[in-house]
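See below for the structure under consideration.
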Amino acid sequence: MHIAEGFLPPAHAIAWVAASAPFVVHGVRQLTREVREHPESTLLLGASGAFMFVLSALKLPSVTGSCSHPTGSGLGAVLFRPPVVAVLGTVTLLFQALLLAHGGLTTLGANVFSMAVVGPWAGYGVYRLARGLGARLEVAVFCAAFVADLSTYCVTSVQLALAFPDPVSGFLGALGKFGSIFAVTQIPLAVSEGLLTVLVVRLLLQS
Amino acid sequence: MNGIPVDGTPSPLVALRGVSFGYEDGPLVLEGLDFEVCGGRALALLGRNGSGKTTLMRLLGGGLRPRSGRVELAGRPVSYDRAGLTRLRTTVQLVVQDPDDQLFAASVAQDVSFGPLNLGLPEEEVRARVDEALAALDITGVGDRPTHLLSYGQRKRAAIAGAVAMRPRVLVLDEPTAGLDPEGQERLLATLEALRGGGTTVVMATHDVDLALRWADDVALLTPGGVRTGTAGEVLARTDALAEAGLRLPWGVAVAAALRSRGAAPAGGVAPRTAEELARWAAEGGPSAAPAG
Amino acid sequence: MNGIPVDGTPSPLVALRGVSFGYEDGPLVLEGLDFEVCGGRALALLGRNGSGKTTLMRLLGGGLRPRSGRVELAGRPVSYDRAGLTRLRTTVQLVVQDPDDQLFAASVAQDVSFGPLNLGLPEEEVRARVDEALAALDITGVGDRPTHLLSYGQRKRAAIAGAVAMRPRVLVLDEPTAGLDPEGQERLLATLEALRGGGTTVVMATHDVDLALRWADDVALLTPGGVRTGTAGEVLARTDALAEAGLRLPWGVAVAAALRSRGAAPAGGVAPRTAEELARWAAEGGPSAAPAG
Amino acid sequence: MLSIDAAAHSSRWRRRHPVDKAVLGLGLTLLAVVLPPWPGAALVLVAALALLLGPARVPAGRLWRAYRVPLGFCVTGAVTLLVRVGGPDLVGLAPDGAVRAGELLLRSSAASLGVLVFAFTTPMSDLLPRLVRAGVPAAVVDVAVVTYRMAFLLLDAVRQVRQAQAARLGHTTRAAAWRSLGGLGATAFVRAFDRAGRLQSGLAGRGYDGTLRVLVPPTRVSGGFVGGSLALLVAIAVLGTALEGPLS
């Protein structure tokens, strides 16, 4: 779930743009270098972006019965590395904001930070860690997708709690509120995304 | 063939009765359509691109639900709940034109096993059906290959095998010969003949009037005004109806008509259906020396 | 038509001389192939799936480089540096079968502008070429539509427009009529005739022997043994050669031959190329009453 | 996805330069966020609705279908502001909760409409190639162009495969649904990269060297339209600020 247009106060919106910017700029530099060195990679990167876009449009059968979509950032990070995903994720979020009214332009910085920066890096980190500890590929991929999905929503909760602290208990109380609404219902979905990612990777390895 | 069957006639396997359909808020693609698939007949569905052939086939297979009118299975209206759809889908299987839209598993055998597994059949039965379907489509040898490494013709056969493994009574194929070379087309037609011999009713959408004349018992012509159904010989001799559907006369029909109009051939009789038949027909001045089949 | 042209004959626009090609470490797809495209002739390329038609067309367009042998442009070997490739691409343009393999841009006009921009032409010249190409393909009205909202036929035309905007002397089309309904095929053939009228040489790969007989001046038949080239009437009357390429005789040729062999028609003469011609031909016992064209 | 995109292509403001529409639409969004929600965002909301349904002639049904997406999130998010946690009785209604939730709802829905003014009138095909001139690196724009085109191809493919799966009873049981979903994800991947490879050879003949140059239609920024837009924005800003005191 992306933070909707206009949901964050201006100062927060700007702060999250500033927080995401270094990651996206780093990703753009890497991508530009990649394209300069291997011109044919434009099409492959475009294909990666389209794959992530379509993956995030699949409907997950969720345990809670609500309809939800995978973030795709865990699988994306494992397949294409986090810096590239920062750029592809930004492009995807821009398309979603303009074509689906999903997310927003004023909240782009915040959504990029949770979905295209923290999620992919956390997922990728867990993947490397699990592989380093000798876990099977499928286990590592599951952990990557699970952690990427869940960390994305935790960051979203933090972003909302910072913007809308509880009148009594402040940031922590608000974190509890948003956390329980978004992140807790998100755990079964994170499991679902993990399972889906394993299924996809298994099929890809077989073919 | 439109309308309600006369008493005593067996119900068609599947039928559309006064069906209208349009996509989302769009205009109607089909309006008040009556259409029947009768057991044992080879039916060719003709019409220009955009005439609604694919929509009609999806309605038959339960992939789309009519806006009004009803779809009937063995004379009874289809219910669109889980049980009703399962009944429809185990009777009618649709194979779309592009095999890549139908193949999604890692290997051919896995893909073919998808339907039977979803039927909840025991593993042995699934295996048996997969083997049978691969054999019927003559692709046993590539069962364990990944689908995207197959040739186009093989992918086309794999997609059909996936439908055949559901053991449908009616197999509906959208342009099955498109993209195949002439040899591939002949092989596929032979395969379809074998399936028909095994009791499967085959419906095929095509643009090829010569193929329709040669292969089909019945032809349904989809025009803006509705559907015109009849035996292949009847429908494919109607210049006006064919023109309305954006089609020309088959070679055999055109030449036979020209010869007849000049008195160079007797009236009546079956039009020649292949180039060889036509050559004999033209040489011998009529159908007499050209035994059907 | 194989081999080096006799002195005095103008060089073919583009030619393969003893070309062999195989993908990566795979076996050879083409071996020692000689092939010529002569200015002003309509050339149909026939052969079964997998016979190397697409490979041959890619070699002509510079998309592939021969393993041995050479590609010649107006009698001189092509060099595969930037200047050489640009020269080849402004002479030969290939349109692949699936338009979605060629359309990348968000709108039709943008896609068509891609090639001319890569030639380094000034913006005004590019705009003129885009307009001209859209007009030639009769899709001016959809120039600013997004590619994904077009029909298949329109996408096919958009892909051809992208090649036409390069103003090639030779336009090579892989199965251009595949997937179109008969009306769409007729419209496309009319468009190709107009392009030929404007001086473009057209090469077309197809499986349709009847189309080849009707449309082509020359036919190149790709068989495992090599390529057999000649006028359409010559090559498409050779039952053995066609069978080797997995093809049948065209309807007109088959019927004419049958009538001739029975003495019902005089020997020689051009075989009828359309069903109408054939009907007249058969009715009147020969080509006499059927003026060509 | 298709609905807004398709509407943008047949929009009445299609021929206007994207900058025209960006000044107006994104300007409204900016005001919605910056101005005090009451009455500032309310004014933006009314203005945006009037523009969309009036001169831009966006069909109301289409607009509603696009608009209810962000609205769902806004409502869920705003509800949390009604509640307070902590204090003596742990959970209760937040003081001013209704006002804060209402303000948030107003701001967020007005901001969404501003973006919709832009999105419903500006197709991606007019926007993406121009981003290079706006300073976005060409390589990123090229990747975005391919992503856009290929996303539609893939979405279509995924839809077709889903239908084929349904025909073979792929949605009847939970196990079947998972099998189907895994197949969809893997198919999307294989198809995306297969398509990239084929596009590569399809573009080679037209001189593809890694850069996807295209020509955009020669449209000019309209001084009148931009001026009018700015005047409207200033009027809303002034009115919103001036009325803040009296109305609250």
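For clarity, chains are labelled A, B, C and D in written order, and residue numbers in each chain start from 1.
Just so we're on the same page, contacts are C-beta pairs under 8 Å (C-beta built on N, C-alpha and C of every residue); 3 or more make two chains touch, one makes a residue touch a chain.
In UniProt terms the chains read B, C = ABC transporter ATP-binding protein; D = Cobalt ECF transporter T component CbiQ.
Just so you know, these numbers come straight off a predicted model, no measurement behind them.
Participant: What chains, if any, are shared contacts of chain B and chain D?
Facilitator: A, C
Participant: With respect to inter-chain C-beta contacts, which pair, C-D or A-B, contains the greater number?
Facilitator: Greater number of contacting C-beta pairs: C-D.
Participant: Suppose each chain is reduced to the average of its Cα coordinates; what separation in Å results between chain B and chain C?
Facilitator: Computed value for the inter-centroid distance: 31 Å.
Participant: Approximately how many whole Å separate the CA-defined centres of chain A and chain B?
Facilitator: Each chain's C-alpha centroid was found; their separation is 46 Å.
Participant: With chain centres taken as the means of their Cα atoms, state the distance from chain A to chain C in Å.
Facilitator: Going by mean C-alpha positions, chain A sits 48 Å from chain C.
Participant: Quick check: what residues of chain B touch more than one other chain, meaning two or more?
Facilitator: 105-106, 148
Participant: If I count partner chains per residue in chain A, which residues reach a count of at least 2?
Facilitator: Only 43, 203-204, 207 qualify.
Participant: If I count partner chains per residue in chain D, which residues reach a count of at least 2?
Facilitator: If we look for residues of chain D contacting two or more partner chains, we find 5, 124, 145-146, 148-149, 153, 179, 183-184, 186, 190, 195, 199, 209, 212.
Participant: Using the touch rule from the top of the page, what pairs of chains touch, sorted by label?
Facilitator: Taking the chains two at a time, the touching pairs are A-B, A-D, B-C, B-D, C-D.
Participant: Chain A touches which residues of chain D in the complex?
Facilitator: Going through chain D, the ones touching chain A are 1, 4-5, 26, 29-30, 32-34, 41, 66-67, 69-70, 73-74, 76-77, 80-81, 83-87, 94-97, 100, 104, 107-112, 114-116, 118-119, 124, 127, 137, 139-140, 142-151, 153-155, 158, 174, 177-179, 181-186, 188-190, 192-193, 195-197, 199-200, 209-212.
Participant: Write out the stretch or stretches of chain C touching chain B in their complex.
Facilitator: Those in contact with chain B are residues 48-50, 151-153, 178-184, 207, 209-210, 246-251, 254-255, 257-259, 261-262, 264, 275-276, 278-280, 282-284.
Participant: Give every residue of chain B touching chain D within the complex, in rising order.
Facilitator: Answer in residue numbers: 25, 58, 61-63, 82, 86, 89, 93-94, 96, 98, 100-106, 114-115, 117-120, 148, 162-163, 166.
Participant: Given the complex with chain B, which residues does chain D contribute to the contact?
Facilitator: The touching residues are 61, 157, 160-161, 163-170, 172-173, 176, 179, 183-184, 186-187, 190-191, 194.
Participant: Okay, in this complex, where on chain B does chain A touch?
Facilitator: 105-107, 110, 146-148
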